[in-house]
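Both complexes shown next keep chain A, but they swap its partner, so chain B is in the first and chain C is in the second.
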Partner chain A sequence: MAFLELTDIRKQFGQAVAVEDFNLKVDRGEFVSFLGPSGCGKTTTLRMIAGFEIPTEGSVTIDGADITNKAPNQRNVGMVFQSYALFPNMTVAQNIGFGLRIRKESESAIKERVDEMLALIHLEQKGHSYPSQLSGGQQQRVALARALAIRPQVLLLDEPLSALDAKIRVSLRAEIRAIQRKLGITAIYVTHDQEEALSISDRIVVMSQGHMEQVGTPFEIYNFPQTAFVASFVGTLNTTTAEVVDSAKGILQIDGARLATAEKLDGRQKGDKVTIAIRPERFSFASEQKKANVVDCRIENITFLGSIVRIQVSIGSGKYFMDTFNNPFLELPKVGDKDQVTCSREAVLVLKD
Partner chain B sequence: MAQATQNPIRVNSSRRSSVIRNLVAWAGIVPFLIFVILFLFWPASSLITGSFQNQAGAFTLQNIIDLFTPSIMDAYMLSIQISLVTAIGGGIFGFMLAYAVIQGGLPRWVRTALTTFSGVASNFAGVPLAFAFIATLGHTGFLTALFADKLGIDIYNLGFNLYNFWGLALTYMYFQFPLMVLIMAPALDGLKREWREASENLGAGSYQYWRYIALPILWPSLLGSTILLFGNAFGAYATAYALTRTFNIVTVLIGDQISGNVLFNPNLGYALAFGMIVIMAISIGLYTWLQRRTARWLQ
Partner chain C sequence: MKKKINLWAWFWIVLGALYFLVPLYGTFDFSLREKRGVLSLLAYQNVLADPRFRDSFTYSTLMALATIVVGLLLIVPTAYWVHLRLPQVRPLIEFITLMPFVVPAIVLVFGLIRIYSGPPLALTNSDQLTNFLLMCGYVIISMPYTYRSVDTGLRAIDVRTLTEAAQSLGAGWFTILFRIIFPNIRAALLSGAFLTFAIVIGEFTLASLLGRPAFGPYLVYMGNNRAYEPAALAIISLALTWAAIGLIQLLSHGRPGQEQVGGVH
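After this line comes the complex of A and B, so read on.
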C-alpha cells in the first residue's frame, strides 16, 4: 500500500481547472518531483497535500488516513517554501523550535531537537542569529530544518531553490537529497527546473496544463518521453514530423532522408504522419563502415558549451542539434561542410499523439 | 606607458564626477534643510528661550514653575487623557478596519474607498470638523433630531454629550482612526501569506499566529503609529476650541496666553509649549526603548 496517495484529484478555481485526473501513489521514503512550467498545477497539487487548498474532487491519504478535508495545522506535513517564510522576529533556533513549542513539547526536548536540526544543516553557530543575518542558502537550510523538526510524515518542498544562485542551488539540492535519504522521509518536490528534478528524484511527475503527462524515473523520463510535451520540456530534443514508409520494418522518412526506428508502428499505414524525437547526443558522425540510419547533412553552426560541443546540422530542409563530447585532440568539422550523421534505431522515438 | 598615463586621468575624472553627483544630491535637500531650520529649529529655539524669559526679556524660571500650578497640571492631564484615549481607541478601530480591507478578503474597491476616505478624513480637523459634529450630533444636530423625531430617543437624556470629554474624544476619533488606517495599511500589506501558512503548517492556529508572529512583526508599526496618533491629538487645538471653547486642554491654554485676552502672557505660552515638547520627547523616548526591547530582530 502506498504511503501517500492522491486519487482522482481535481481542483477548480471558478471556471478554471487547475488540476485534473491526478492519480499518484508514493512509497514511504520516496523522493518524487513535480516538474512542469508555471501554471501547470504542480504547486496547487502540493498545496492540496499541505491542506492550503481543498480538492474539488478526489482524496489525499497519508499512511491510510484520509486527510483530504483536514486543516493544515491538523496534518503532520512539513513544508519548505520558495521564499523561505522564516519568521523574521524569531531567531534561527526559535524558528526551528516553533512547531515543537506549538505542540507544547518540553523546553529540554525542544532544545535537544533544535540542536539536532542545527547540526543536520551545519549551522550550529547560527542558532541565535535572526533570518536577516543569514544568506539565502542558509535561510533555506533553516527552513528545511524547521519543517523537519516536527518529524513530519511527508516533507513538501515548493521550488525551494529557485531564489538562490546557480552554484548554491547545486550544492543545496545535494544536501536536501542527502538529508532526505538519511532521515528516510517521504518527500514531494516542486520544480520547473528539469536538471534539478532529474538529479534529485526517485521519480518525476511531469505536468502540463493541470494534467500528468508522464510519471517515471529520471532515466525513463529523459530517455523515453511518452508525449511531445515531455520530450520538449525535459532536455534538448530534436522533434519532427515523419512519414511512415514501412510500418512493419519501422522505416520512416524525414526531410528526404530515411530513418529506421526500433519502436513498433502497429496500426500505422504507409503515408501516415508521426512525431519522432531524437536526443542530440544520440546523433554521431557516421563512420565509413556504418550503413544503417545514415543521412547526409550540412554543418550549420557549432556552439562550444564546455564539456559538450553542440553542432547544428541541416538534413533536407530540417535543422537538428547534435551533441558531442568536447575533445581538444579531435578536429571538428567546419560550418558549411557536408557530412553524414547517424543514430541507432533505438534513438528514434515515436511520440504518442 | 600609454596606459600608465591614462589611468590617473580616468581616476581624476571619475572622482570629479562623483563629487559633482554628491553636490547635486546635497543641493536637492537644501530647500528641505532651509525649511526645517526656518520653521522647526528656529521657532523651537525661540520658544525654549522664551520659556525662560519674562515679558521684559530677562531670565526667569517662573514660567516653568507656573507649569506646576494645579490648573495647568490639570490641563496637561486632560490633554494626555484625551490623546491617550483617542490614540488607543482610534488605533484599535483603525487597525481593525485596515485589517478587514487588507487581510480580510474584502473586494478591492472597499480598500480603495476606505483609503481615499482616510486620506481626506485624516486631514479633516479644526473648525470645520467641530462644525460638522455640532451640525450632526449637537443639541439640535441632524442625527439628534432624527433620533428624537423618528425613534423618540433623546440621546442627551441618555447621557450622550458632544461637549464633554467623551464628545470631544468622539470628534477626535474622526481624524484619528483614518490616520491609523493610512499608516497600518502598508504594514499589513507587508505580512506575507507564507508566514501564516508556515505557522499553520507547523501546527499553529489563528491565535498562535497572531500571538507569536503577526503582532510581534507589526508591533513596531503599531507602537509608532499610536505615538503618532497621540501626538496628533496632543497638538490639536482648533477642534477642541471650536467645539467647547472652555475645554481646558494645553493647546487651548496656550491660545489663551498668546491671543491677547485677559490671560495674555506669551512667555507662559512658550513654557506650556515647551512642556508639550518635553512630554512628546518622553513619549518618543519610551517608544524607542520599547521598540528596542521588543523588536531586536529589526536592529
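After this line comes the complex of A and C, so read on.
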C-alpha cells in the first residue's frame, strides 16, 4: 500500500475548478514533483495535502490514515514556502525548534534536535542569527530544517527555489535532494521549472489546467511524452500534424516528407490526422549515418548554445529544430544550404490527442 | 548647492520646533510666576499637594492601560482575521473604525448613558460597572488610531504565509497570535498604545458625563478655578505622559532578541 495516496481529488473555488481527477500514489521515501505552468493547480493540490485547503471531493491518506478533513496543525506534514516564511522575531535556532516546542518536547531534546538540523544544513554557526541576517539561500535552508525538525511524515515544498538566483538554485536543489535521500523522507515538490523537476525527482506529475497529464520518471517524461502538452512543456520539441498513410507499417505523411514511426498506430485509419513529436537531438544530418527517415531540408538558422548547436531547418512549409553536440572540428552548414536530415523510427513519437 | 539644501532643511526644522516649543515655553514660564516678582515652583507644589491630582492621574493611567489591553485584544485578532480570511470586508471594517471621527464623543456618551442606565443593563448604578462602561467608550474613541496602526503593522508582514508555516508546525490560533503575530507587529502595537494613552489621559467628555474622577475633568476644573496651577498641571501631565510612554518603550524593548528585529525594519 502506498504511503501517501490522493484519490479522486477535486477542488472547486466557487464555480472554478482548480483540480480534478487527481489520483496519485506515492511510496515511502519517494520524491515526486508536480510540474506545470502557472495556474495549473500544483499549489492547490499541495495545500490539500498540507490541510490548508479541503478537497471538494476525494480523499487524502497518509500511511493508511484518512486525513482529508484534518486541520493543518493536526497533521504531521512539513512545509517549505517560496518566501521562506521564517518567523522574523525568532533566531534561527528558535525557528527550527518552534515545532518541537509546540509539541512540548524537553529543552534538552529540542536543543539536540536543533543542533542536529543545523549540522544537516551546514549552518552550525548561525543558530543565534536572525533570519534577516541570512542570505536567501541560507534562509531557505533554515526553513527546510524547521520543516524537518518535527520529523514530518511528508515534506511539502512549494517552489522553494524560485526566489533564489540561478547558481544557488542549482546547488540548493542538489542539497535538498541529498537531505531527502539521507532522511528517507517522502517529499512532494512543486515547480514550474522542467529542468528542476527532471533533475531532482524520482517521479514527475505533469499537470495542466487542473488535471494530470502524465505521471512518470524523468526519463519517461522526457523520452516518451504521451500528450502534446507534456511534449511541449518538457524540453524543446518539434511537433506537427501528420496524416496516416499506412497504419500497419507506421507510415505517416507530413508536409514535404514521408516518415516512418516505430509506434503502433492501432485503430487509426488511412487519412486520419495525428500529432507527432520529434526531439531536436534525435535529428542528425543524413550524411553522418543512414537511418530510416531521410528527408530533404533547407538550413534556416544556426544558434550557438555552448555545448549544443541548435540548427533550424525547414521541411516543406514546417520549421524544425535540430541539436548537435558542439565540437571544435564540427563543419557547420551555412544558412540557405540544402541538406538532408534523418531520424530513427523510434524518434517519431505519436502523441495522444 | 548641497549646503543650501541643508540650510533650508534646518530652517524648516527650527521653524517646526519653534511652533511647538514657544507655546510650551510660554506655559512653563507662566507656571513659575505664581509669586509676584520672583520665579518659584509654588504652583507645582500646590498641584502635587492636591490629592485629587494624584488620584485622578492614577485613575486615568489605569483606565488607559485597561483600554490599551482590551482595545488591542479586540482589534488585533479582528484585523488579523480580516487580513487572513476576509479581505473583502476590509472596507467595511475601515468604515466602522472611522465612526468615532464622525460621531462626536458627546453623542456616544449620551447613547451609552441612555442604554446602560436602566434595565436590563443598568451599568451606571455601580462605580465599577461605570468604569467598565467608560473603558468601553475609550476603546471606541481610540479605535481609529489602534486599528490603523495594527493594520499597517499587519501589511508589513506576510500574515498568511507566516500563519500557514506556524500551522504546519502544529501551532494553534492562540500560539500563532501571541508567539508570531503580536511580536512581529510590536512597533505597530506600541504606536497604537501610545496614541491610546495620550487620548485617554486627556479625555474629558466621556469621563465627565459618566461622572468618573478622571484626569481630564480635573484639568478642566482646575482651569476654571485657578490661574497658575493649570499651567503647571499642563507641564506635569506632559512630562508624565512622556515618562509613561518611555516606560512602555523600555519595557517592550527588554525582551531578548527583539532589538535586532526592530533594527531591520
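Brief remarks on what is shown
Basically, the second predicted complex is superposed on the first by the 350 of 353 C-alpha atoms of A that agree within 3 Å, B and C clash if a C-alpha of one lies under 4 Å from a C-alpha of the other, contacts with A are read in each partner's own complex, and residues count from 1 in each chain.
The criterion applied here is as follows: a contact is a pair of C-beta atoms (placed from the backbone, for glycine too) under 8 Å apart; a residue touches a chain by one contact, two chains touch by 3 or more.
It should be emphasised that the depicted structure is a prediction, and the values quoted were computed from it without experimental measurement.
Placing chain B and chain C on a common chain A by superposition gives a clash between them. Contacts of A:Phe52 after superposition on the shared chain: both chain B and chain C are touched. By the touch criterion defined above, A:Phe98 reaches both chain B and chain C. Residue contacts after overlaying the shared chain place A:Ser162 against neither chain B nor chain C.
After overlaying the two complexes on the shared chain, residue contacts for A:Pro72 are found with chain B and with chain C alike.
Chain A uses residues 50-52, 71-73, 77-79, 81, 83, 85-91, 98-99, 102-103, 130, 132, 146-147, 150 to touch chain B in one structure and chain C in the other. Chain C meets chain A in the complex at residues 157-158, 161-162, 164-172, 175, 179-180, 183-184, 186, 257-258, 260-261, 264. Within the complex formed with chain C, the residues of chain A that make contact are 50-52, 71-73, 75, 77-79, 81, 83, 85-91, 94, 98-99, 102-103, 130, 132-133, 143, 146-147, 150, 156.
By the touch criterion given at the top, residues 192, 194-195, 197-205, 208, 212-213, 216-217, 295-297 of chain B touch chain A in their complex.
Note for the complex: chain A touches chain B at residues 50-52, 71-73, 77-79, 81, 83, 85-91, 98-99, 102-103, 130-132, 146-147, 150.
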